[in-house]
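Each of the two complexes below includes subunit A, the first together with subunit B, the second together with subunit C.
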Partner chain A sequence: MNTKIMMIDDDPDFVAGIKSILEKADYSVDVAHNPKDGFQALQAGRYDLLLLDIMMGRGAEGVALARKIRKDPKLKEMPVLIITGLREQIAFLFPGQSVHPHFVETDELVEKPVEPKLLLEKVSSLLALAEEKKQKVPG
Partner chain B sequence: MNQRSKLLIIDDEEIVLDSCTQILAGGDIQIVTASNGTLGLQLLKEFIPDLVFVDLKMPGISGLEVLEGIHDFDPNMVAIVITGYATVTSAVEAMKKGAYDFLPKPFTPDELRLIARRGLEKRRLILETVTLRKEKEMLREQFAAIVSHELKAPLGAVQQNLFVLVDELSNQLTDEQKNRFERMQTGIGDLIKMILTWLRALSVDVNKIQETFQPTSIASVVSKAVETVQTHATRKDIEIVPSIAEPLKPVNGDEGTLVETLVNLLNNAVKFSRSGSQIHLNVEEDENDVLISVIDSGIGISKEDLPYIFNDFYSGKSGQAVEKGSGIGLAITRRIVEAHHGAISVESEPGKGSTFTIRLPALKVPEHA
Partner chain C sequence: MDIEMSFSEEIANVMYASHGNPITDCLQCGTCSGTCPAAEFMDHTPRTIIGLINAGYKDEVLASNTFWSCASCYHCTVRCPAGIDIADMMYALKRYSMWKGEHQEGLIGPVFAQSFVKMIVDSGRSYEPLLAPTYIFKNGPRGLVQEMQTATGLMLKGRLPLLPKKIKGLKKFRNMVRRIIPIGEPT
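Up next is the complex of A and B:
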C-alpha cells in the first residue's frame, strides 16, 4: 500500500518544492494550506506521516496544531516532521528546552530549506520509528 | 486636537499662587495650585501635570522633598523651583534633585511666562523622545516577524525548488550548468544565513539566556568552539593553539551562547590572519575571573576603527582587502558576554595582530564540596 503523507504549510512555493521530492520517491502527498483545513483532513483520512510548518497565519500556529494532535486519541501516534525556518527562534520561544522541543510522541525537526536527501532520510526514519512503536503495543 | 498643558504650582504664599495663576491664565494652560508640599504631592498623582513650580521654603515638607517625590512618581515630569533666597547652593541642590530650572523671587510676569514656556517645551521634547523610543522598540520586535516571513520564507522556497530542480535534472545538466546551479544555491544560502544573523541581533533579547544559566566549564566551551572553527582554519592553513591553565573554576552561564562568542572571535581571527600563521587561545584565571584570550598575528585593526568594532553593523572602514562580514558578529559577542556579567576588550596593532579578551566572573566553588 502506498504511504500517505499530509503536508500542512501556508507557502505554496515551498510546498511545491517538497511535494515533488516526496512524489518522486513514491509517497502520496496531500496538502493543506492552513492548520484548520489540515486538522480536518487528518481526522477524515488515514495518514502515515505529517509534515508540519510552524509559522503560519498570525504566529506559531503550527505549535498549537501539534498540541491538538497530541491530545487526539486517533492522531497522537502519527509521526510528525516539523519543517521550520525558525530553528533560531525556537530555542528562545521555549527557553530551557533543547533546540528541538518534542511537541508530539514521535517527531523530528528540520530547517527550511531542506536538502532532498535529508528530507527523505528523516521521513523514512520517522516512518520506521512509528512502525516499531506500533508493534511494541500489545493487541 | 492639541491637549491643554497642565501646570501645578506649589507654594505656601497665597499671593504667589494667585499672581502666578493670573499671569499664566489664558492660552492653553490648565492651572492647579497647592498651598503645601503634602497637598501638592497628592494633587500630582490625580492631576498628572506637565510642569510643576515648587517653592523651596515652605512649612511642612520642604521643596526639596517635594522634588524627590515628583522624581519618584515620574522622572519625566518637569519641575522648576521658586526660591526666595536665590543662593547658588540651594539652586544647585535643587538641580541635583532633578529640577530643570529655578526662578528667583521676586520675578516679573515676563520672567515667569518665559520660564513656564521653556519648561513646557522641555516636557514636550521629553514626551516626544519617550514616544519615539517606544516606537523603536516596537519596530525592533516586529522586525523578527517581518524579516522571517517577508524575506526569509521566499528565499527558502526558492532554495527548496533549486534543490529539486538539480535533483530532477541531474541526468540532463552539463557540468557547467550544474556549477551555475551550485553558485545560485551558495548565494541564496549565504543570504539566508545573513538574514538569520540580523534577525538574531535585532530581535532576540539576549538577556533571556540568563533564565537557564548553570555552572559551565570553560574547557568544554573552548573545545567545542575550536572544533567548529577547525575546518575554516585548516582550509586557510592556520593552526589554533589552545592553552588552558587547569584547574579552572566554572562560570555561571549558557554553554551554547558562550561557544557562539568564542566561535565568532576565532572565525574573525582566522579571517584576518595570514595562511600558515597561528592563533593562540589562552584561558587562565585571576582572583575572581576567568580570562579567555584569542590572539592572532593577522592584519590588526586600525586606531580609527578600534572604538567602534563592538557596535551593530560596523565592519571596518579602513578598506583592507579582506573578506567582509555582516558587521554583527562582535556586537552579538559583546551582548552575550555582558548578559554573562562579563566584559570584552581588544588590543590591536595594524600589521601585527589583535588580542580579544573575554573576562567572565568565576563561580565560587564551595570549599567542602
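Up next is the complex of A and C:
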C-alpha cells in the first residue's frame, strides 16, 4: 500500500520543493496551506505521517495544531515531523536557545532549509517507528 | 501538476483565522479608504491595496507603506459593507512582509514591533525609553528635542519610570510564552 503523507505549510515554494522530493521517493503527498484546511483533511482522510510547519496564520499556530492532534483519539498516534523556520523568524527573542518538539506521541523536528537526504531519513525512521508501535499494541 | 498559488490565496492562508469574509469579496466601494484616519500617510489607500492583492500585484503591495501606517482603529472593518476584516488584513500583510523580509527601507514599524515583542518577553511589560531609539531619530534634531522635552515632562510628573520594572512572577510568564513558542527548555 502506498504511504500517504500530509503536509501543512503556508509557504507554496517550500511545499513544492518538499513535495517533489517525497514523490520521487514514492510517497503520495497531500497538501494544505493553513491549519484549518489541514486539520479537516486529516480528519477526513487516513495519513501515515504529517509534515507540519510551525509559523502559520497569526504566529506559532502549528504548535496549537500539534496540541489539537495530540488530544484527538484518531490522530494522536500519527507520527509528526515538524519542519520549521521558527529560529530564522523569531530567534531574536531567544538568542542561542534550541527549538524543541514533543507536542505529540511521536514527533521530531527539523529546521528549514532541509537537506533532502535528511528529510527522507527522518520520514522513513518515523514511519518505521510508528509501524513498530502499531504491531506491539495487539501483542 | 501543481498550479502556482496566487498572491491573493497566499494572503488568504495567512488570514485563515480571520472572522471576516475573504478579501475577494471586496466591492471596491472605497468606504475603507474614506473612513481611514491614516489614509493621508499611505502611498496606496486600503481600497487600492485590496485591489492590488486581488489582481496579484505582489511587489507593489509589499513595497507599499499602507499596512505599516495602519493605526489599527478598525473603523474600516466596522464599516466594510462586504464584511471583510480589513484591519486584520493589514496585520496579515505586516506579518507576511516581515516573514518574507520584503518591506520598504527605513520603516519604523518592523524594528519597533521586534523591539516591543522582545521587551515584553524579557520583562513582561512595556518600558517606553527602550522603544524610543526605534523612532526618535526619524524626525530630525527638532523632533529629537521635542521627544526629549516630552519625556522629561513625563518623568518629572512620575509618569515615566527611570528604570524598567519587571512584573511579579516573571518566570511563570516566560514559561507561558514557551508554551506558545517552542524555543528554549521544554516546559
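FYI, the second predicted complex is superposed on the first by the 125 of 139 C-alpha atoms of A that agree within 3 Å, B and C clash if a C-alpha of one lies under 4 Å from a C-alpha of the other, contacts with A are read in each partner's own complex, and residues count from 1 in each chain.
As a working rule, a contact is a pair of C-beta atoms (placed from the backbone, for glycine too) under 8 Å apart; a residue touches a chain by one contact, two chains touch by 3 or more.
For clarity, every value in this text was computed on a predicted model and none was experimentally measured.
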First (subunit B), second (subunit C), both or neither touched by A:Val110: neither
Touching partner for A:Met6 - first (subunit B), second (subunit C), both, neither: neither
Touching partner for A:Val63 - first (subunit B), second (subunit C), both, neither: second
Which of subunit B and subunit C A:Lys36 touches, first, second, both or neither: second
First (subunit B), second (subunit C), both or neither touched by A:Met78: neither
Which superposed partner A:Lys24 touches (first subunit B, second subunit C, both, neither): first
First, second, both or neither for A:Ala16, with subunit B first and subunit C second: both
Touching partner for A:Met55 - first (subunit B), second (subunit C), both, neither: both
Subunit A residues touched - subunit C or subunit B, whichever exceeds: C
Overlap of the subunit B and subunit C footprints on subunit A, listed as residue numbers: 16, 55, 59, 86, 89, 91-92
List of subunit C residues in touch with subunit A within their complex: 2, 4-5, 9-10, 13-17, 91, 95, 98-99, 114, 117-118, 121, 180-186
Residue numbers on subunit A that touch subunit C, as the complex places them: 10, 12, 16, 19, 33-37, 54-61, 63, 86-87, 89-94, 97-103
Residue ranges of subunit B touching subunit A (in the complex, touch as defined): 144-145, 148-149, 152-154, 156-161, 163-164, 167-168, 192, 196, 199-200, 204-205, 208-209, 211-212, 256
Residues of subunit A touching subunit B in the complex: 11, 13-14, 16-18, 20-21, 24, 55, 59, 85-86, 88-89, 91-92, 95-96, 112-116
